[in-house]
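Naming follows writing order (A, B, C, D, E and F), and every chain is counted from residue 1.
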């Protein structure tokens, strides 16, 4: 394996910190993990004959597909205090496992992580979703930023609002 | 459990029990979903012979399949032998599908073409009797394929009635019609399907409040001022349970260059197929519902299609797709796709608010004591029946004319005797 | 399914089907939870005008709200327009709550004070008809707020009947009354609510066995000897479905210094409000149930309050709080809080045992064949009706007088005709 | 919901509603599981006095217990006091079990031997009336212990009827009988139990298709050729709802040395107990079902036992065990254990395919419209009633004679009046 | 970030060992992870307006709030063989993820970890709970001990008995 | 603790890579993680009096118990495209946590890991199973291989087909 344990440790640590910021609704801190050239997206999935599913298919329906301005717009909404899905604040928990650095050099890295996200909010049963993320990190000075996050959900049917963002 | 007393037509009240009674839910399967015209697929999903796509009509799994003769048919996705789902993928291409269980084979035209151990069947066994069960009535209306399980029911056009005037505004917006983009979302939520359906049938009242978070971001424009603008640009319609909300001609914030020109050209071109009044509506903000469960939202460049799939009294699936104009430039197509991803789905900044309301209503109304107090649909006044050429019950907005129209139609159908 | 034959009053048998029949469960919503007095909140939760707390009465979501006039009221937490829950938090403070859906606004007094687009409502629409639905009967009994949905039902005092004698022992223990500490626990378990309710109504029989693990730790004292001690210090009462178990004056292991003095002072002071016999009970070990679903446990310094919230035939929620004497020193308050955390909740070393029994009964009794054999409530003898000044059916312990009293009352109510 | 019209016996059609109607499901609890002989345990699980094993009959939890007198009895695993499950482990050894709730104690013979606070019970209380509820009829048939809840029902032998001829082939395969290996698997799946039961009763038709993946690996031999081989080595039987499929004498791929010799010896030895024709079947590939829910599969060296446990209309548990010949050499025992682990369980390369089919049928058939079209069981011809000495309705394979036999028996029982 | 990967590794390893001891009912081994000055507690939670929830609120209802003697008392009960919730022994599994060392020096450390606890016991459906722990570790000679464990559950409604302790 | 963090890291990384190969149906890559002397098994479980359960009991019913040829046979079946449980391809996710190296030297290691496996396939509800694995690794030249994998499931009742293999 070409990637040192140190590198895996570094991205594990970053992902854990990122989840901690988000789960605590510290959005300022959280936004700082994302690059200005961001693509934040979650392709929809189908059950097709083996080999037919293509998450990179042109014009595929996405549960979310935002660039940085769209991302910031959503955060502005979430922090407005006016959003009924998020008031009172839901309890979310993003369990991150299986961190796998696919490639990494001094300025770029591609990192897989698995997740189980949990969400509790009054008015509906507790929800959880399972899947993986494929994050492309880029180094900006001393910091690493996520330039692309692709969230791949394994569930067939989505439930509730989810805390995907 | 006592059957809820259905209120008299026209009194603008509904008994909350309609959202909870399991007996009513079972009745709906036959009287609503067994009799109405339901959306099945869009032609653009089936470009080639042999293409199929799977969907559902109430509890019935459905396969829509383009035959080797090019004809689109729809069948119950269930083997005639012992009932196995013959197709287990979302879409694909095949001339013949073989049932996984005992390999009875069915052609794209629904014929039973292969029976293993055929020689061991009795003479009385005639494969012609055991083809796939067709959806008895089908209508491809400018690319939108609708089906009905009511063999002797009315035609799709009669079912739309005068509402066809409005449906054409969407269905015939361009000559080339639509593409339905690949991929979809299924969102399962803990609500009765009618809480969604009543709302999209004509509830514009909730927009500035339930959606206050995006109103604050400037996405809803001057929505509070709608009523003042009269019937010309902003109005609502209810007709035979179908509903429409028209929301002026809003320009999306940060609309890409060329957007207004594009829409203008659409509007101009539409005059070749539609009356000037209709053509003018093609580029309005539109929320259009076809009774009982289909909804189009064309707003701020997004073109969204969805339906409500009942699962139980307290569970519903919403199935979402994106529409784009066939032949539109890539940026215009992408604009629709992104707007649908942003607003109209489980993660959308609009629809997530709505689901929160529906779930809250389920909880608010569940108690037996609460159910003694009817729901109120009084909003709206001065409803006109037919305004100039425009048909249906028309009101300025906000109004509950469309919402209560949904309930009147529902009651009408539920009062009909069960099928023999 | 056939309705289970309710046994004759007094024969100390019950048909296991009462825990499983969905029809009975629906009936209970009206006949039990729609007619009985249910605990809603404690005054200490609402110190200031505008304070509210949300709870439930059976399936009805409830908001208890102190008005700007200082009066505490209770309403169905559901908007009159289309039913949305107007309040979605556990507690808070507001003079007005605005419905999230279409922003109808309701004052703390339940009035509909704001209706957007009011001008588009018909003349016949009168906001006075559309205020929040009040819980029709409310009683603040020494800080404990009870409500009833039976408009023409009996008063709270008549509902308690002679059991008021015992309820006062808890309700009037100190002049200053109680504080209900912040926070609560909701524990959802797979049992019929009546398995919990029958037990806390008077089952002391199970304590040394189901709770043998804490008995072995010395927490149950000489419980096996109870019966020998006669009616003075240890006894049980059943009256109108309410129940009481009195367990001497146990001293907690490692009781903090000052505990006995503190309790002694309470007992002395109680004589100013209660008879000497009642006053003596104020510091006894007490398990007191108010029919159908409220339970106080005062034992070893812990003061626990809970109720059973039915969800379905096979699911129940237990809601737990901690009580402390208002004005008690910090160590005494903390003693109650810690003991409740240790014993009376989902993680408690007492209540977790009980849940295990109830779940085991659900499984043991589910079969149709098993249900042909009745349950036995024969335990207890020499029941006295009124002993000296003490009212109700009294027995030494262990006895099933209180448990079967619960069932007699339940049967009585279930036999009444359904409301018109 | 209307009760599905049960088809006339013999017309080889079934109404799909039988898999979905909750009322029918409740009826089955009494009419099928309350009347039929059900498998409870194998003697080898209870070698010593006091040994017990827990299982279920429909909804009834059961404990099978070898008394201090060596007699095996079966009881409802529910305390007579208030219903608690007295035993909460899968198996163990005890002379007495004490109920966790209030410690009533029951001996291995089912007697109530201990009642705490016995002195506080009334004179009318007689412990002899409150022993464990026995399963009223029990039959240990060559080690296989069956029970029936129908006190006045027919004997086990009458219940088997002429099918006893085939059951003996398995039950009496060796003189020493079987060991049931330790451990089991419970697999809960979303299907109606009858989809499994109908299949194992005689559906050999699906094997080359549903199991095509293992057919491609060569595990199913020349299955497609079965029908050509006549009635001698490959045939199916249906009789009183019981079913049998006989699949020649397949040799497992990579069979261990000695396998053929071992099986040959079994076959020879069997002649001491069985007719030559029966003895020859002992080492055939066998799928044998005892109505309503028990299945043996002896195939390629694996010896599998399972039953279908109904949970609800749409949920079923399959309980799996491994059988081995008592006294067989270790390699032969291990061969059975490994083959069961490979093929016959939730992770098995055979049974996982079947579950996929049953779940697909549930979905294919759920819709109300689909249910108007009956299922087809026409396959098979030239059925003989009794062929030489072989009893029952016999057909070569594939045939649906056994599958429809299951339905005829089911209908017969469901048509009987409910118990008074 | 001020904490070295080594430190994160150390506490990850300790938490994994602790869960393994507990999941195997090796209580002697498990107790050794906890300091004599222990506070072991789980505050109850409410849904309140944003910013109003305060887990440190005085007199808040706790699902459990034990010092070392109380902790040992509960273990004595669990190991007595008399406890019906724990006989026959339930199967528990404590999946630990997202280990985040908030601060650490030579003698003290504060460590966040996320969990998903699973429990299976006859007589009721399988249960799981999700949340996080905030552990305060203290060094005693060569060993690190947990002096305070705060367990924060995200679920709104508790189910079954749980294996919280 | 006798095992260095490096060693824990090494096996964590191997387990994550192994799960990634399997979750992506890259069977060639996946098979390479297993030794030719393989035993791949999952004992069945019972609820018995404390101390009575013995997963090593002779002749115990196993959900699966394969040697290398049996293992390869199953993979041949899974990759044939003919298997209805696996066509269309299910979505699986194997969340791996709590990696604990019980012992390790230069040529052998015994490693515990906890898992939550998720599976989505059309035709039935989504499933998940929870448990742990006890893997015995052996070094073959430069590579480590799994010689024995014992999968211990905590659920009482299995659901659906699972992606155990």
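Here is the rule we use: a residue touches a chain if its C-beta (ideal position, glycine included) is under 8 Å from a C-beta of that chain, and two chains touch if they have at least 3 such contacts.
Remember, predicted model here, so these are calculated numbers, not experimental data.
Shared contact partners of chain C and chain E, listed by label, are A, D.
Comparing the centres of all chains, each the average of its CA atoms, the largest separation from chain F belongs to C.
Two chain pairs are in question, B-D and B-F; the one with more C-beta pairs in contact is B-D.
Ranking every chain by how far its Cα centroid lies from the centroid of chain E, the top place goes to B. Homomeric contact chain B/chain C is classed as different-residue, with under half of its interface positions used by both copies. One inter-chain figure worth recording: chain A and chain E are separated by 27 Å, centre to centre, where each centre is the mean of the chain's CA atoms.
Work out the mean CA point of chain D and of chain F, and you get 31 Å between them. Among the residues of chain A, those in touch with two or more other chains are 9, 45, 47-49, 84, 88, 95, 97, 116, 122-123, 156. Counting partner chains per residue, chain D shows two or more touched chains at residues 85, 88-89, 100, 210, 356-357, 360, 363.
Taken as a contact graph, with one node per protein chain and an edge wherever two chains touch, the assembly fits none of the named shapes, being neither a line, a ring, a star nor a complete graph. The set of touching chain pairs reads A-B, A-C, A-E, A-F, B-C, B-D, B-F, C-D, C-E, D-E, D-F, E-F, using the touch definition from the header. The touching residues of chain E, counted against chain D in their complex, run 84, 88, 122-123. Against chain F, in their complex, chain E makes its touches with residues 6, 9-10, 13, 16-17, 19-20, 23, 81, 87-89, 91-97, 116, 118, 120-122, 126, 128.
Within the complex formed with chain B, the residues of chain D that make contact are 1, 16, 205-206, 208-210, 227, 356-357, 360-361, 363-370, 373, 375-376, 378-381, 398-399.
If you check the complex, the residues on chain B that touch chain F are 85, 88-89, 100.
Chain E contributes residues 1, 5, 8-9, 45, 47-50, 53, 95, 97-100, 112, 114, 116, 130-132, 154-156 to its touches with chain A in the complex.
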